[in-house]
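One chain, chain A, links the two complexes that follow: it is found with chain B in the first and with chain C in the second.
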Partner chain A sequence: MAFSPRLLPATPPSRCPPPASSRHGGRTAPELSGPTPRVVVVTSGKGGVGKTTTTANLAASLARLSLPAVAVDADAGLRNLDLLLGLENRVHLTAADVLAGDCRLDQALVRHRALHDLQLLCLSKPRSKLPLAFGSKTLTWVADALRRAANPPAFILIDCPAGVDAGFVTAIAPAEEAVLVTTPDITALRDADRVAGLLECDGIKDIKIIVNRVRPDLVKGEDMMSALDVQEMLGLPLLGVVPEDAEVIRSTNRGVPLVLNDPPTPAGLALEQATWRLVERDAMTAVMVEEQERPKKKVGFFSFFGG
Partner chain B sequence: MATATATAISGGFGGESRAVLAPSASVLPAPRRRASAVSSSKAQFSSFLRGQSCNLMLTPKHICIEQQSCSKSSTRTFALSRNDFSPITQDVEGFLHNIVNMGFLDRLKLAWKIIFPAPNTKDNSNANIAKQRLKMILFSDRCEVSDEAKKKIVENIVEALSEFVEIESRDNVQVDISTDAGLGTVYSVTVPVRRVKPEYQESEEQYRGKIVGVDFKDTGETSGSVDVTFDFFVPNKNY
Partner chain C sequence: MAPATIAVSLSFRLVPPRPCSVRARWLRQIRASSDGNGVANGDRKVGVLERKVGDLRAVVASVPPAVAALRRNIGLNFIAGFCLGITLLAAVARQVISRIHERDNKGSVADLIRRGQLKSGQRGMAKPRVYDDPFNNPLVKIDEGTSTAQVFGKEYRLAPVRLTTEQQAMHQKRRSRTYQWKRPTVFLKEGDSLPPDVDPDTVRWIPVNHPFAAASTEVDEETAKQNVYQKDGVPSRVKAEHEALQTRLEASHDVNILSSSQRNMQRSERQIRLSNESSGQNSLSGIANNQNGQPTLEFEKHSPDNSSQSKSLEEQ
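Up next is the complex of A and B:
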């Protein structure tokens, strides 16, 4: 039986503060701004830059802040978000089944055991026939259904598939905001720029960047572009800068989102800060880490001339 | 300036109008005017040629601007000096004036920097190379024009140009999009020109411009080269 919506009054935008968090200057929780649920698509264009990892960790962070979040894996053919959240064994029903009328929407949502505010929705089973039946309105319908649910989530995070084809178009259809994940290398930035153009054409004007896999040692040695360069190139506000961290691999292998590590790792911290900024619709400004003049090569008498 | 003139002359004689680095000894008013006529078409549509030095690129453009402003052409006092053709412009003269006024130690420092320039490692770093490449590629990606539009651009330009010059061959027309650090995205249409149509051709006998204010700095008796400053007046309706 298909999911039957029930009309409910809209939830109030503000939320009461949850458990204290000492990492954010004394504030216990970010202030949610804007009407809920906020539909955010996490996209990048190029594959392998960290979309799924970012989606999983943003969703986990949100849940930890007691903001109910639904993470949607919009990649119909290759499914990865469930692996990152450790929920791969519990996904039996997908949005495809809901659309076919075989189950209700709340049956397809998988709730995380540790984080009660986190739910996962997969678009389709990977072994099923290739989802040619998916139209671009699929996710729009899902988002609407979630909006009308008994307890609508505060955030709907959509993990976009790589590329700019039909899967991408489907994934961005319901979104009002976008988080563009990119790495500081030239290929990813070119694709990110293209995707930013496509998003703006589609009507999504609120695009923020997360620069992933930054290696501070390479940036210092001028081998890698810095976050400031990336922001200059793309001209979009910066949501976060995440350093390269081996912990990402370990946490993926374990199936536990990185942000749940205690003590937190650099990447986890960066993602948590990015979550705060996402909730508050804030952006960070990248600064030049070391604006130092060229080191003086010649000392002594000649530095007077050559310095 | 001198190099640009030689370029335009060779363009006028049936070759493709591309920049050619050719030295020229002295400059006379007549070839300069012909240079203007021919190079105007080149400069308007192909205002940027890759891989050439800065000086070469600026001057055809300036000639073009002078033409279009259609007023007394600015006195670009180019004094060809000596046997080396290093045009000393007013900018360089001003620079030298400033140096003379600096203190001794400052001049010493400047001399050191000129003689032993500090190795410029920053610009060759991988990050900066990547940034430059990325800028170029982002500009060209953002301004990429469809093939259909390119064909139409070529047609329109060839049509507009064939009013004034005879096109060598329509098939050899090329359209390129490139980026220039100073100008941004540059579209260049390269058109091989056979010759200028008679009604628009400048020729020595019937030049309608006027040279005023000739000032010989060096008549060549002792040094062997001529050093001339003059103002060239181009009336409005002339092309």
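Up next is the complex of A and C:
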């Protein structure tokens, strides 16, 4: 459900009908479901579909809900999660330095100055390389060490690199759940299906999709697949539907995640809703579609969540 | 004679003190003519007049080349000045145009910073917005009764999700048939030989030029793992280096210096190594401050001479 989703607490694929909307109104935070820390990999297969954008916003949104989150940039080659979080000037130590014994893990975590519950860990510096022999185990150790820490985070979000090679293998290794980001086009979908298959082979069965960059005007004219079409092709529960929104680029340039935007923006709101569903292990039960019986085109800007 | 002299003196008086060459010549001619004619009165006067007119003519005749010369000079100066002026004007105009252009040069980093979209100094310093329930706030109203939602002032229909659990399981089965995969747990460089204890199914072969993981490492797997798990204390490599240094110093019987500056040595060695390794990292305390905003490793305060001493010792 787009908006009644939190009704279903627990298990992901649960399709039970939403109880009465008693839980709407006056809620200030979602209910955390499951043991923590929850290790979630944000992946897609195809590049440029919005993994990093999604990771940054989920992490920021979690932190604002006072759910401590560690965002891990596992995209060693093309890292930019630090930019989206506005922390690029503060990353000096990485997981590679921790492995080498140059610093401790807690020293390599960069804490956000405004969102104190948000920390960033980069896997390595652009030109330095992870040790080949045990590089694939790095994040497993990191997640385990964070779990044993004095103040373990509630969420460990891993921003996965594109592709399905060594970087992907390393990123998914510690994950128990996955957020599969895709755009409503056939190339991204095929990659998403493959990645979903690999994740399932690896035992990660809790996979939810975020359909990003949806343009309701195109969906309405049947020039773009709807989120429901995407879901039908992948057969996975929907965590969120994020509209194409120019504010995404502005927020990237500002180094402030969209979910912190004031006033809220369509994409920021959609990502915030996705965060709430993630926390409650919920899925959408309905998606919003532009009204059919209104032929005159309304302002396209706000017409998101296209079904 | 007298009137001529008077005229001459008068003419002298009338002449400015530093005459130009033309005038001087003219005056000399007048004086010469007055000197030469002092006898007949009437004739003399007429002769003088005639001569003066003649002299004047000569003078006038002599003037045009001078004026022309003067004009040539003025022309040259004027052209030079004009060129200089044009150049200056062009420079100023160029500056102004480039300023205007800069203003129009949208999208440059400088421009983004100027417009406040990109903050040079305090990027990422967001003050968290006080949030509402993202499902129920002034911008989002959901009416489950009528299956409509009002979002950002626009009404939407809520289309229910059609995916069933059975369909989901079907897709999962389809994928498990299509993609048979076992996650590799060991990365090996292409061309390397397979270690005896490693299952070939778990190996991911990494091309030599792969950007992700190609370097060999000085730490073994167990040490690396312990490094990740270490909760407090000095990081292992820093500690190991310090200990190595200590034994080296002990070997050189320099125990006194050691005890007074061992901590400083640890620090300065670390500094040197870090500055060798990467330009971004300066000193450990600097890193701690940059990364976490508070010092995470404490070192004793040291005087500059102490640290230079330890450095020179280290270089021995």
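Criterion: the second predicted complex is superposed on the first by the 256 of 307 C-alpha atoms of A that agree within 3 Å, B and C clash if a C-alpha of one lies under 4 Å from a C-alpha of the other, contacts with A are read in each partner's own complex, and residues count from 1 in each chain.
Simple rule for what comes next: contacts are C-beta pairs under 8 Å (C-beta built on N, C-alpha and C of every residue); 3 or more make two chains touch, one makes a residue touch a chain.
This is a predicted model, so every value here is computed, not measured.
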{"item": "Touched partner set for A:Gly101, first chain B, second chain C, both or neither", "value": "second"}
{"item": "Partner chain(s) touched by A:Arg215 [first = chain B, second = chain C, both, neither]", "value": "neither"}
{"item": "First, second, both or neither for A:Arg281, with chain B first and chain C second", "value": "neither"}
{"item": "Touching partner for A:Asp185 - first (chain B), second (chain C), both, neither", "value": "first"}
{"item": "Contact breadth on chain A, by residue count: chain C or chain B", "value": "C"}
{"item": "Touched partner set for A:Asp262, first chain B, second chain C, both or neither", "value": "second"}
{"item": "Partner chain in contact with A:Met224 - chain B first, chain C second, else both or neither", "value": "first"}
{"item": "First (chain B), second (chain C), both or neither touched by A:Arg254", "value": "second"}
{"item": "Touching both chain C and chain B, counted on chain A across the two superposed complexes", "value": "193-194, 197, 304-305"}
{"item": "Chain A-facing residues of chain B, complex", "value": "108-109, 112-113, 116, 118, 122, 125-128, 130-131, 133-135, 137-138, 141-142"}
{"item": "Residues of chain A touching chain C in the complex", "value": "1-6, 13, 15, 18, 21, 24-28, 64-65, 76-77, 85-93, 95, 98-115, 125, 128-138, 141-142, 144-145, 148-150, 165-167, 169-170, 172-173, 193-194, 196-198, 200-202, 205, 228, 231-232, 234-238, 250, 253-257, 260-262, 264, 266, 269, 272-273, 276, 283-292, 298-299, 302-305, 307"}
{"item": "Residues on chain A engaged by chain B in the complex (per definition of touch)", "value": "185-186, 189-190, 193-194, 197, 219, 222-226, 229, 233, 294, 297, 304-306"}
{"item": "Of all residues in chain C, those that touch chain A in their complex", "value": "112, 117-119, 123-129, 131, 133-136, 139-140, 142, 144, 147, 149, 151-165, 167-168, 170-172, 174-176, 178-189, 204, 206, 210-219, 221, 223-225, 227-233, 235-240, 278, 280-281, 287-288, 290-293, 296-297"}
